[in-house]
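Two complexes, one shared chain (subunit A), two partners (subunit B, subunit C).
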Partner chain A sequence: MADGMRLSRESLQAALRQRGALWAPNDAGHWSQVEALPELGPIRPRRPVKDLFTPPRREIARWKAGAGPAEIEPAQPDQTPGSVFGVRPCDARALLLLDRAFLQPSCVDPHYKARRENLLLIGVACQPGPNCYCGVFGFGPDDKDAVDVMLTPEAGGFVAQAGSPRGQAFLATVPAGAAVPLAAPRPGPQPEWWTGLPDPKALYANFDHPMWHELGISCMNCGVCTQYCPTCQCFTIDDESFKGEIQRLRIVDNCQRSDFTRMAGGHNPRQVAASRLRQRVLHKFSYIPTQNPGLLGCTGCGRCVDLCPLDRHLFADVFEIMKRINQEAERVA
Partner chain B sequence: MNQSLRETVKRLFTEGKVKSVLGYREHPLSKAVVATLITRPEDADTLIFDDRCVQNLARALTRDLPLPVGIVVKGCDGCAVSMRITEGDFAREQIVAIAVACAGVRADGKTLDERCQRCEMHVSPLADVTVGDTSSLPKPEKTRAETIAKIKAMTPAERFAFWQKAFEPCTHCYACREVCPLCNCAVCVTDQNAPRWIEQTAKPSSNLMWHMIRAFHHAGRCVDCGECQRACPEGVPMHLLDLCLAEDVEELFDFKTGVKQGGKWPFLLFNPEDPDSWLGGPHRG
Partner chain C sequence: MLRDPLLPLAARISERVDETADTVTFHFELLDEAERKAFRYLPGQFAEISAFGEGESTFVIAGDPAKPERLTVTTKRVGAHTEALHHLYAGAIIGFRGPYGKAFPVAEWKGKDIVIAGGGIGLAPLKPIVCHILNHRADYGKLTIVYGARSPGDLMYATDREIWAKAPNTELVVTVDKGDANWKGREGFVPAVLRAAAPSAQNAVAITCGPPIMIKLTLPVFKDLGFPAERIFTTLEMKMKCGLGQCGRCNIGPFYVCKDGPVFSVAQLQQLPQEF
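Let's look at the complex of A and B:
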């Protein structure tokens, strides 16, 4: 078993400040720039860490309104070096999925890339809440694979282990405490009734199943689940003007809104609520794993379960869907 | 309660009075209470009603459901359904209101919801059938006037500052709109882009614009089900604004939303005698 490194809160904070700016969740669970390491709650904050990498509102360019050709000023990527403290494994794993979208070689998002390159991810092991299901996806609350450094809190400080070469290099700059043997990684929680992830192909094969409509009635397509989801990444482009200055913005969008797929001519392939609910489930549990073997569109953070105004439960829905598909397949066989 | 609810629903099906019923069921796995639509009498055995049935099912009423549709309604929900009939969303005979005696709901599983503490409408005024014991329902513990007293006591400047701060965490997710049984515009003002009435991103100006328009659209229509505030993932107290407007409408137009069908209905009624003090007319003060 590898050793971890004992760090005092003060020496960690000094080393992080030495490196640059510092971000952490605030009392409302939103990510903001801080001067000192805050006390964290036991579980993941209300907002996922994606807010720092692909924020809900980001300027792409601006120009002055008026006659003649506009002088367009593209927004510059934020190259501030720094660290993000308090990243939970579910949110960090979600960034691996966002990387597939925003760092694909044919179309790199320079803003996202700058943030990913400049911000060190300092993970802190959590105490899972009642709707946390990272265990479903094969990792646990102290998983270090997607962060640069994983910290396990202890009295007066942390036990640190590196999750990446970059994290290793950072730890070398912190005055070393005693080496301590690391405990085995903790298993992540999963629902007691859960029996395993659905087969992506079987889900897609039931695209036209009537159950989507039955489930549809329990959902109002408010999209809160997508807005707080650490892996949801859809955006749209909009302009805003203020006192003669126009900003072009990339803003968050989501597949649950009725206008998400509405064409200019008024046609809408996802006209009814059930088709939008189906899109969310299939995207996360069928399309993404099919197109990116080894990745899933969900990391089990459970925010969608916590925040659903209608008390819907993504995992319970997926489980019920699979149970029905399997039962029907058995009946045919 | 559950047994008599199920029997009532089965009877409505067998007598041919409904083709579908919107109700509540307990999810077999998550144990959470979710909305369900049943179309066969035998499925009535999944229906429940208890203090976990927090949502207002009137939001799920659409004309593409098999009609006539039965709907399980608490007092506030029934007022909303009544309002939608008054507004012409549905013909009276398309809806069968299954009124349940409601002693209030507990969204957190423990304490009575704030909205229920001031409830004067434990049984829906729109009721084709009534289920449960309506004789021993609780009296309100507080009044709407008490709830909004702190807003009313503020100066206009203090009030403006209060709301600006209150709207700050809004992310424009519009869950408050989706959950509202009376947000029934064909195209929401915020989804229009020609002209663009409300900018799409969260900032003080657009937050204020959204919440002002939302509240004004509900003046004289809001039934105080409080779903908007319950649904908000950021805890914006927007329902307080609806309550302030409800108080004004009651005072100025002598109208209490959803309580009876028809009647004086401020939003769609033109009356030369309408109070117009805001125009500086003779009713000023």
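Let's look at the complex of A and C:
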């Protein structure tokens, strides 16, 4: 078993401050710049860490009304070096999926890239909540694969292990305490409703199944699930004008709004609620794994369950139905 | 330094053509000389155009791909942004990003007859194909163009159609749903007129674009004429914002229409969920 490194809270904080700015979840669960390492809650914060990398509102450019093309000022990527403290494995794993969109070689988002390059991800092992289900995706609350450093809290400090070469290099800058043997990685929660991940092809084959309409009846398409999802990436582009200055913005959007696919002429391929709910499930569990083998559009953070105003657990419902469909198919065969 | 792919280039409108009561074609050129000289696009590729301050929308590049310094989009007034565009005249500056998307596989069509069925503003994505074929006339067989609009006043590209009507080995069939007192031409819907024109499917490729209902009724006609699904092409209309496969809204099945399309063969479309 590899060794972890015992770090005092003070020495870790000093080393992180030495590296640059520091971000962490605040009391409201939003990621904000901090001076000192905060006490973290037991579970992931309200907002996913993607906010620091692909913020809900991101400026593309700005100009004065009536200005010529030479006066369009492109927004500059934020190159502040620093660290993000308190990242949970579910949020960190979601960034691996966002990398596929925003770092694709043909159209790298320079703002996203600058953040990814400059911000060290300092993970802190969590105590999963009742709606967490990262375990079903094969990782747990102290998973280090998508962070630079994973910390397991203990009295007075942490036991640290590197998750990346960058994290290893950072740990070399921290005055270390004793080496301690690492415990085996903790398994993530596997809730009772979990009966196995449906086959992406089987889900797709049930595109016209009546379940979507049945499930759609009890969804008000508020889109909270997508707004808090650590992997959701959808955005719109719009211009906003204020006091003679115009900003071109990239603004977070969500696939549960009927306007999302409504074209200017009025045609809307996803007019009914059921079709949008189906899109959310199929995108995360069928289309993404089909296009990116090994990846899924869900990391089990459970925010969509926590925050649903109707207390629905859509994925659990869909998987339950898929299980029945499979059992029926096996019975017939 | 990396350029933000969402940052538009500035372009100047060089000519405005009012095609119909609600449709305007803009010819424009990129202001930056190096960008202008390096720019290339293929038939069927699209761009994001913006009236600065009013947002951005998606239009196919409807020019002659052999003259990439003179860019063209045809826009129909259907919302706030196109309304703003329609207030612009020659000399105005617009934003441009592109080209995006997969093109019509015109190189693979060499040696074949080409049959085009377009309706209304759906002629816009088909025009670069026609330009390409006429630029390389010897490379292709017979070109048949069936073009229809609701009324004589809704027919666009009058100047281009004059050229096409006189082009060698080219048959242009124009129809309107309903003529007016001065209309001496054909009346009838595109699918029916196409069926009557009965172009041969032998060693031929079919391409269609128009209102969803027209496409829906035209595809079976092509099938009846003997075109296999692999040789019928169309270009999908789907709301897009980024053109890069990032913003998520044109996702359909495992594809993003902006990256994996917008040009698809009917054989490919049959593999997609029937959401359209």
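Assume the second predicted complex is superposed on the first by the 321 of 333 C-alpha atoms of A that agree within 3 Å, B and C clash if a C-alpha of one lies under 4 Å from a C-alpha of the other, contacts with A are read in each partner's own complex, and residues count from 1 in each chain.
The rule is short, and it goes like this: a contact is a pair of C-beta atoms (placed from the backbone, for glycine too) under 8 Å apart; a residue touches a chain by one contact, two chains touch by 3 or more.
Worth saying up front: this structure is predicted, and the values here are computed from it rather than measured.
Participant: Between subunit B and subunit C, positioned on subunit A by superposition, is the outcome a clash or a fit?
Facilitator: They fit side by side.
Participant: Looking at A:Phe207, would you say it contacts subunit B, subunit C, both, or neither? Reply first, second, both or neither.
Facilitator: After superposing on A, A:Phe207 lies in contact with subunit C but is clear of subunit B.
Participant: Tell me which partner A:Ala101 touches in the superposition: subunit B (first), subunit C (second), both or neither.
Facilitator: second
Participant: Which partner chains sit in contact with A:Gly223 here, subunit B, subunit C, both or neither? Use first/second/both/neither.
Facilitator: A:Gly223 contacts subunit B only, not subunit C.
Participant: May I ask you to decide whether A:Ala61 touches subunit B, subunit C, both, or neither, giving the answer as first, second, both or neither?
Facilitator: It touches subunit C, and subunit B stays clear.
Participant: Touch test for A:Leu310: subunit B only (first), subunit C only (second), both, or neither?
Facilitator: First partner only, subunit B.
Participant: Using the touch criterion from the header, give the chain among subunit B and subunit C with more contacted residues in subunit A.
Facilitator: After superposition, C is the partner touching more of subunit A.
Participant: Based on the superposed arrangement, let me know which partner A:Gln190 touches: subunit B (first), subunit C (second), both, or neither?
Facilitator: After superposing on A, A:Gln190 lies clear of both subunit B and subunit C.
Participant: Quick check for you: in the superposed arrangement, does A:Asp238 touch first (subunit B), second (subunit C), both or neither?
Facilitator: After superposing on A, A:Asp238 lies in contact with both subunit B and subunit C.
Participant: For the superposed model, what is the least distance in angstrom between any CA atom of subunit B and any CA atom of subunit C?
Facilitator: When the complexes share the chain A frame, the smallest subunit B-subunit C C-alpha distance is 5 Å.
Participant: Identify the residues of subunit A that lie in both the subunit B contact region and the subunit C contact region.
Facilitator: In subunit A, positions 236, 238 sit in both the subunit B and subunit C interfaces.
Participant: Any idea which subunit A residues touch subunit C in the complex?
Facilitator: Going through subunit A, the ones touching subunit C are 60-61, 63, 65, 68-69, 72, 74-75, 77, 101-102, 104, 106-111, 113, 204, 207-208, 232-239, 241, 246, 248, 250, 253, 255, 260-267, 269-270, 275, 279, 283, 286-287, 290-291.
Participant: Applying the document's contact rule, which stretches of subunit C touch subunit A when the two form their complex?
Facilitator: It comes out as residues 1-8, 10, 31, 50, 52-57, 76, 78-79, 81-82, 93, 212, 237-239, 241-242, 244-249, 251-254, 273-276.
Participant: Would you tell me which residues of subunit A are touching subunit B in their complex?
Facilitator: Interface residues on the subunit A side: 28, 46, 56-57, 191, 193, 214, 217-218, 220-224, 227-228, 236, 238, 240, 249, 251, 257-259, 305, 307, 309-313, 315-316, 319-320.
Participant: Quick check on the complex: what are the subunit B residues that touch subunit A?
Facilitator: 22, 27-30, 32-37, 54-55, 59-60, 169, 171, 173-175, 177-179, 191, 199-203, 227, 230-231, 233-234
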